[in-house]
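Each in structure tokens, the structures are laid out below.
Next come two complexes built around subunit A: one with subunit B, the other with subunit C.
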Partner chain A sequence: MKFLVPGKIRHKLNGWVIISGIGALTALLPSLYILTGLLGKPNENWAHIREYMLLDYAVESLLLAGGTVAVTVIVGVVLAWLTTAYDFPLRRFLSFAFVLPLAIPPYIAAYTYGSMLSYTGSVQAFMRNTLGWTVDQRYFNIMSMKGAIVIFSLFLFPYVYLITRTFLEKHSASFIENARLLGGHPVSNFFRVVLPLSQGAIVGGASLVAFEVLNDYGVSKHFGISTFTTAIFKTWFGMYDVDSAIRLSGLLMSLIIGLFIAERWLRRRRRYHLPVNRSTPLRRMRLGRVPGVIAATCGMVIAMLSFFIPVAQLAVWAVWTYEDVWNDRFFRMIGNTLFVSAVAVALLMVVAVIAANAGRTWRSTFTLVSSKLLSMGYSIPGAVLSIGVLAVFLSIDKRLAGLYEAMGLGTNKLVLSMSLIMLVFAYIIRFLAVGFNAVDAGYDRIGDRYSEASRMLGYGMTATFFKVELPLIRGAVLTGAILAFLEIVKELPLTLLLRPFNFDTLATKAYQYASDEQIHQAAIPSLIIISLGFVSVCLYQWMGRRGKG
Partner chain B sequence: MSFVTIKGLSYAYPGTTSNVLSNFSLEMEQGEVVGLLGQSGSGKSTLLRLIAGLEMPKQGEIIIQGAVMVNPHSFVQPERRGVGMVFQDYALFPHMTVSQNIAFGLRGLGRGQRKDRVADMLELVKLADYGRRYPHELSGGQQQRVAFARALAPSPKLLLMDEPFSNLDADLKSRIREELKELLHLSGITSILVTHDHEDAAALCDRIIRMPSSLPEIQTKEERQLVTS
Partner chain C sequence: MKKKYIVKSLLAALAVVLILTGCASNGGSKKNDTEGSSKGSGVVNVFTARHYDIDFAMFDEFEKKTGITVNEIKGTAEELVERMKREGESSEADLFITVDGGVLNYAKESGVLQPIESETINGNVPAELREKENHWVALASRARVIVYAKDRVTPDQLSTYEALTDEKWKGKVLARSSSNLYNQSLVASLIELNGEEQTLEWSKGIVANFSRDPEGGDRDQAKAIVAGIGDVAIMNTYYVGQMLHSKDAEEVKVAENVGIFFPNQETTGTHLNISGIGLAAHAKNKDNALKLIEYMTSKEGQEMLTNGSFEFPTNPTAELPELLKGWGEFKKQSIDYAQLGVHNKKATELLNKAAWK
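Now for the complex of A and B:
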């Protein structure tokens, strides 16, 4: 290689590393753009926003995220502990059912519940007509901060639950059994052993929840809460003030970076070296009859509220609106969704595999930082990322204006920034981490030995990848692809902001029906999204189980 | 001129400061089988990885058959070194059959030639009927022999073996040791065998060298300064 780099680097610098470096920098570009936006001179509108609205945005965003994190941590951790350490009726079913809410995007849940609980909705209608009750409207109004926190918590607690449960199953048996043998009271064991031990896992799950809430547009908009994300939409589309939108994005992004650092910091002090004891899973204790029934009942109520009831309601609405919604245009829209998602996933997985492979063979600060940057993409809210991506594409279009003219496309044409390329690009940046983490885990499982054996037998890095590594990490690549696909299919804010004119996906269509007061019509696209989610949740569970064996 | 020359080799794993190897030198004649003995952690595996090109030394050079493999100015990638390696855990590709594993390193041969070579190798390690099996369908000793056949098939200039017996029980070990001895002599290949068992080394090797143990006396100058200051 003819690169002018210091001695050591020269030997191992190769195509894989270079491509992943370029990838990391590209992924960083929109974020950098946003952050530099904070430095420029603000316009008049900004003064107004700062004076009258900014505090509200900040307070509401933090309240929403903080409240949701608090509730999800309590619910998620308690359920994780209950299902790993105790046996009670329906435990097996419930421990699976608690993961299912992940298949339902919170914005779909928000309008489903919003409509179910309204005056004309199924719940009040039932009480009025069948039971003959007159009810106080106040108890049914969930279109508030409290309501939003409840909705988010019901549908995001699985993040905390799943990560904590996996952790407890893998690592905790010996500690907890010891604590039991030492005769601690179960409740005090929970607080003194389980909680401190799983702090890292809990923080991990909680930060995912916080990122999801800050990313959200649909729920806040539907419930009339002014968060940073809804504010970005409003300044951009309501006031056409892109400058201020960028400024808001920059602020939100600083908040996110703060969260990111806080997460790292919280986890760092707790990096115990934990023994992995596969051989001895924690022996579950049988709950007595009364506590058992209480546990099962509470579990069932949560499972009903967070999955089965909204799905049943949507199914009813789907039957009502079937003829109205199911037509050629709807088919085309499904085709659109699948097409864009598939293209984005394919490209994303290629980048993810290259980055994971480069990071593995070339362990250095540089690749470490790249992979950290790649995984940050997931925490940048969709609205913020869209603005960054749009800005970057607009400036590329400006640079290419001469070329477009020469190609006969006309003057001042916006070619790239009006196209699907921009949307696909944004999807890749936002969800790269999902693919990357899966592939990285796959590489971790196979270790370096096979690749080294192949190198010793005369194959270079690329040939080794195709002949040895790819066949061995196929499962991991597939898992990553499925998860990323799902994220993309249900993605809302980014798609709303960056889609070409008249281009609809299942998510935008569902959202559009719901915001046009045609909530019943939103049922079919929503159910399709949920069933795709359901399939991937099942697959994910199944893969996890197989990986353990 | 000797067949393998290692001069002044030093190495520390990235992110660590203490040298695993410092100023290590070794000369080998063609066809010689050298046994490498040493305590656990003394850097035996590391030395093999350096010779193989899987790690890059901080200092020193390695020359095989007159060609520089690594020195401060150049580095030959592992796939270009013509060095074969039998890993401690064998690292047989789990998604390939025994035959496919052995054929893996046979590039640039025609189909027929390749088939013949695989058959020869299977014959050599007495596994002629096992070509279609997958690695997990073999016993430990059989896997070990496949690993050996796979490393030998491309006719490397130098064969490195990292504790090839460590996964075998005592009974099997003495049998395999005899077989390996025969194999090494039949193929006349220059090789380095890492082991921590004197008997193994004595039975198989023409010459035995001990790795200097990684005790404080082989600290580098800088480290010594650090300690004294």
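Now for the complex of A and C:
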């Protein structure tokens, strides 16, 4: 056991660490609350859960997550490599289009494709009515394990793509150009240089994908796949057993913490130290005519499937249902969605930066574990996390009851848990991982030397942060903010339960229809969500380009 | 230097907190009547797990008529119950609305409801559609029926839910997954009527006759029939109603090509899934809450509801829309709906045992 000597503590303990310590503790409470579910004695339902659900459902979950991660890594990395290292027709458009699927919530995509490919869907209706073909239904059945992997992969691969591309664009040039100079075959360069070099970025993206899949309920429920999350909800909604549901979530959470530790441990010696000097961007090689056309075609197919086709289908449905669905309340919903997302993103990024900074200056197992725990919110189903958040806020409210009374708000009042604060807090806990990963990667990239130089030249930590580090990691902060924004705009289970009275967002509206199988009616709110995502992706691209120049 | 930044950041954080709490009380309610929600003048706070446009249209209509503002928080029923339970006496909830008798009973068992005392409501809704001590009253019901392919099946081949396990339906039965409430509730009602053992056998029989693994929603089962994947499906009537009124011509075609059969007419009756409303145990706007229940169960409210959602009204004086009239009178399961809550857990376990996905 290694303990810090007192003198060292005094030296290391500064405002940053204290603030992030307090923040971490608060933010950890809901996750810890769920983990404590593991401690109690299992009740009489547990035997049934263990016998009929636990193992089977966990296996299905792993298959789904494993399959999706495999496909997204292959697709994401290859596309990232292709668009950074080569030039081919439509490259600029495609490198932008590959980010767009992030704007589409996977469960909306699942409903859209499920409906499109169904017997009455546009695809089969066209074949039947226009072409006169009768088709075998089996070929159109997307509602299966394979189908779910396809849906998740189409709409989650951008995580891997985006993070890997950002990394390759900025940091791989010298390695790759050396490899090229040394006459390496492009394929062998890809496997021997690009892959090992970008493994950190790939793992970062892949873990976001795995989290999304593991905590999903919408897609697997609609497709009839029994995942671990299904087990949690069957226990809660079918057997009315919240305690066992929390226990299952605790199990899921510890499984994921285990994966984290294993990943760290496996990669402990394989860290690549990148040159910190601003490396020149990679020079793109022109692909020949045939390979260029092939690359463009494959890229177009992926872009069509993962964005343009579902959006076109939703647009058709939106036209059908426009009269029934559209009303002035949508403006309010758009306002609500934007407001709560913007506030949550701003706070989230502040927390992410503080946490990343503290973790960097005060390297210890404690900060490592707590920064990982802070990211835990991303791994468990939102509905369960919402119970953790609710528990924390209700207990704060009860403790503050005296204060509320003194303020003249009335006795027995719930103030915090009836306000947006609870929802914003929940968003931060849930999506901190997204912001934190991006900022942490940014810090990794600049290394310690700028900060050290600044400190030696007399700036304090805070001044160093604002004057030296922040300008350097601005891009990373922006990436994190955009990704978090995209997530929050689409977020559903937390918003559903934790919002104040009458606070409708676009996502809750889309859910209202989709949950009642009125997928056509859900098209309008879904399209607005997608447009917001689209605008933020454009903004991000534009700022990125401006930043370069 | 350092202090300045920290002070600045703390001030910024404080400002955000103030803005957010401000929004909580201003942006929260529809009108600027924020204090009302705490003082009990002119508002009623609804926790609802029914997310249908028609419900909100009814709330609007009620607001227009009475001037009482309806505030709502939505969620899944079990989540809302959990929230009310945890909030305890401080809870702002006045009313709880949800689909499914089982959940209503769970809410009652969790102690978040209190008896509704109103002669008007008792007059609106028959006793069998109210909980024994009036902890909740039913607002609407859907029949879970057998839908069949008109070109391959004749109604005289059909009789009961139980008969669907017959050898002749091997590879022809369709149903959605067992994580769905409607199926759990149907199975819970069969447990009440036929006992656990028989119902387990029944579930296994249905699983053995499945034409494919359960997937999709109720509408998808109807589509699968017309696509020729199976011949009969267990689904709710009101989805057929919605499909008939769909903007998608293909969906209308599907709805036209399937028949609706009300099973168990000679025996125990067709299973109804009910939606209901309960008065929160710590309701602070009790009078307004009762007024809203009275309105929602009135002839007028019920007619609005059934025309909007194609559910069956629970007020017998309400006139049915043409579509529902066309389906005719049918015998309903006569069971104590509160028992569904008691059996729901068993139903889930049993469906797991039968490997109904």
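Worth a mention:
The criterion applied here is as follows: the second predicted complex is superposed on the first by the 352 of 549 C-alpha atoms of A that agree within 3 Å, B and C clash if a C-alpha of one lies under 4 Å from a C-alpha of the other, contacts with A are read in each partner's own complex, and residues count from 1 in each chain.
FYI, contacts are C-beta pairs under 8 Å (C-beta built on N, C-alpha and C of every residue); 3 or more make two chains touch, one makes a residue touch a chain.
Note that the structure is predicted; figures quoted are calculated from it, not measured.
In the superposed pair of complexes, A:Arg430 makes contact with neither subunit B nor subunit C. In the overlay built on the shared chain, the residue A:Arg91 is in contact with neither subunit B nor subunit C. With both complexes placed on chain A, subunit A has more residues touched by C than by the other of subunit B and subunit C.
Once chain A of one complex is fitted onto chain A of the other, the partner contacts of A:Leu472 are limited to subunit B, with no touch recorded for subunit C.
In the superposition on chain A, A:Tyr240 makes contact with subunit C only, not with subunit B. In the superposed model, A:His171 makes contact with neither subunit B nor subunit C.
Of the two partner chains, subunit B is the only one that A:Tyr450 touches; subunit C does not reach it. In the overlay built on the shared chain, the residue A:Arg360 is in contact with neither subunit B nor subunit C. In the superposed pair of complexes, A:Gly460 makes contact with subunit B and with subunit C alike. When the two complexes are superposed on chain A, the residues of subunit A that touch both subunit B and subunit C are 459-460. Within the complex formed with subunit B, the subunit A residues making contact are 7-8, 11-12, 363-364, 449-450, 452-460, 467-468, 471-472. If you check the complex, the residues on subunit C that touch subunit A are 1-2, 5-6, 9, 13, 16-17, 19-21, 23-25, 27-30, 37-39, 45, 51-53, 71-80, 82-83, 86-87, 89-92, 106, 176-179, 181, 184, 212-220, 223-224, 226-229, 239, 242, 246-248, 250-251, 253-254, 341, 344-345, 347-349, 352-353, 357.
Within the complex formed with subunit C, the residues of subunit A that make contact are 15, 19, 45, 48, 52-53, 114, 118-121, 125, 137, 141, 143-144, 221-224, 226, 230, 233-234, 236-242, 320-321, 336, 339, 343, 346-347, 350, 383, 386-387, 390-391, 394, 397-398, 401, 409-410, 412-421, 424, 459-463, 466, 496-497, 499-503, 508, 511-512, 515-518, 520. By the touch rule above, subunit B contacts subunit A in their complex via residues 14, 52-54, 56, 72, 75, 77-80, 83-85, 87, 89, 91, 93-95, 104-105, 107, 150-151, 154.
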